[in-house]
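Dropping the structure in here first, questions after.
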Amino acid sequence: MSQRFSIQVRLFGRHRESAGSPTVRVELAAGSTVRDLRSALSAHPAIQPSLVGAAVAVNRAYVSESEPVSEGDEVALIPPVAGG
Amino acid sequence: MAERGVPETATAGVVVAEVTVARIEATDLLRDMGSAADGAVLAFEGRVRDHNAGRRVSALHYEAYREMADAVLADIAGEALERFAVTAVGVRHRVGSLKPRTVSLVVVVASRHRAAAYGASLHVINELKRRLPVWKKEEYDDGSGQWLESAPAAVSGPSEEDAR
Amino acid sequence: MAERGVPETATAGVVVAEVTVARIEATDLLRDMGSAADGAVLAFEGRVRDHNAGRRVSALHYEAYREMADAVLADIAGEALERFAVTAVGVRHRVGSLKPRTVSLVVVVASRHRAAAYGASLHVINELKRRLPVWKKEEYDDGSGQWLESAPAAVSGPSEEDAR
Amino acid sequence: MSQRFSIQVRLFGRHRESAGSPTVRVELAAGSTVRDLRSALSAHPAIQPSLVGAAVAVNRAYVSESEPVSEGDEVALIPPVAGG
């Protein structure tokens, strides 16, 4: 169960801007959750400062911290929204 | 978008929901929405303001997570149709770099009686400010800019909860 | 109707108020109202419904005490401008014999922020239903008709009280 | 002070319809009020049944029962309004 996979995380707004890229790649162990994803993302200095205020979407829906993240999922980091 | 003669108690209705880079305005939805049974049509336009918090704004840059935003906007419009006595809900959100006076949001609602239209219209706007994955950066005359937060990010919770 | 760049705290603003036999729609006021400082424009259209209380309506005959109605409508629009943080209020009421789908009432409000627009818009509609000397008779398919009461007549009291 | 004057009262909606005319003429004594106007109007069988629910406007403003009505005033009987 220590198999690892690589996943691309979509970035928007301030995250996209500070990372200088619309995506960032992280490595996760099989069986990982959103919580594990956050840990992996916190290693990115451009993202870490505004990680706490951000939500996570998996396959285009907001998900809880305990939600699994699997290989092939569409994963996005959602900074505070500001529509309207 | 066809106009439909829905019976008085119908919950089914017309939904238009899209995130677009194209110019939007309330006029077309206002003309198309509402059947002969509807006594009220309410149209909201959100427009880019030329100043905010005392600073002169030269443009608002809107950015969306398009694939998710389309789905969230359709969800919100569908919810308004279910929860309020309205027969049609149309909502369009524009993205891109928009100058002051430009329309960034259109919400049009038709209903038998006016109270439901006001309730549904506010519901759509409040929910999209809370949930729609759209961001905006204010750009100032001096070339600087700032990302805005219109609301705390949707709490990271199960999507069923979030849809409530 | 000129668009005006009013400062953030201005209470003065644009008022359009008229009772008319001509065709009305929200579109023209929607286009003309709102300065570059306004983030919200809300447009309401009241339309003739093709049925009411279970009966098929062929037309609504609207009648006004024109000279007084023009003044009352201007008062109501002016009050909305004073009491809400809005910069422009436009209201048009049509009279005559109107078929279903026809627009009988247009209320358009512009403001810095949306909450004031919704409040002012509802205020205008509620007040005109209470005070505007306009009457309507529903006409049915069989040629019969009935005068409607949308509200009890404005209580016969001093006009200062009435304006509250 | 028993001088009398004649005044035209504008009628609308159901009153206009049942009276078959957009105006009705009543005679009032000098110093009359809206209350006296109502008394005079109640003599009209077409108006009397729906007089209680109606308001009175003098010179294009709603007025109280104690308001004076003078020669030359613009007077109207206002049945329950139904705008919108």
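A, B, C and D label the chains in the order they appear, each numbered from 1.
In the analysis below, a contact is a pair of C-beta atoms (placed from the backbone, for glycine too) under 8 Å apart; a residue touches a chain by one contact, two chains touch by 3 or more.
Given the structure is predicted, the values throughout are model-derived calculations rather than measurements.
K.L.:
Cα centroid separation between chain C and chain D, in whole Å?
P.N.:
A distance of 27 Å separates the two centres.
K.L.:
What whole-Å value do you get for the distance between chain A and chain C if each is reduced to the mean of its CA atoms?
P.N.:
Taking the mean C-alpha position of each chain, the two centres sit 50 Å apart.
K.L.:
If you average the CA atoms of chain A and of chain D, how far apart do the two points sit, in angstrom?
P.N.:
Result: the chain centres lie 75 Å from each other.
K.L.:
Which chain B residues reach two or more other chains?
P.N.:
Counting only residues that touch two or more other chains, chain B contributes 46, 125.
K.L.:
Indicate the residues of chain D shared as contacts by at least two other chains.
P.N.:
In chain D, nothing touches at least two other chains.
K.L.:
Draw the chains as dots and join the ones that touch; what shape do you get: line, ring, star, complete or other?
P.N.:
Basically the chains just string along in a line.
K.L.:
Name the touching chain pairs, would you?
P.N.:
Pairs flagged as touching, ordered by label: A-B, B-C, C-D.
K.L.:
Over in the complex, which chain B residues touch chain A? Could you list them?
P.N.:
By the definition above, chain B touches chain A via 46, 63, 65, 67-68, 71, 93, 104-105, 125, 128-137, 147-159, 162.
K.L.:
Show me the residue ranges of chain C that touch chain B in the complex, using the header's touch definition.
P.N.:
8, 25-27, 30-31, 34, 36-51, 100-101, 112, 114, 117-118, 121-122, 125
K.L.:
Where on chain A is chain B touching in the complex?
P.N.:
Where chain A meets chain B, its residues are 10, 12-14, 16-17, 34, 53-57, 60-65, 67, 74, 76, 78-84.
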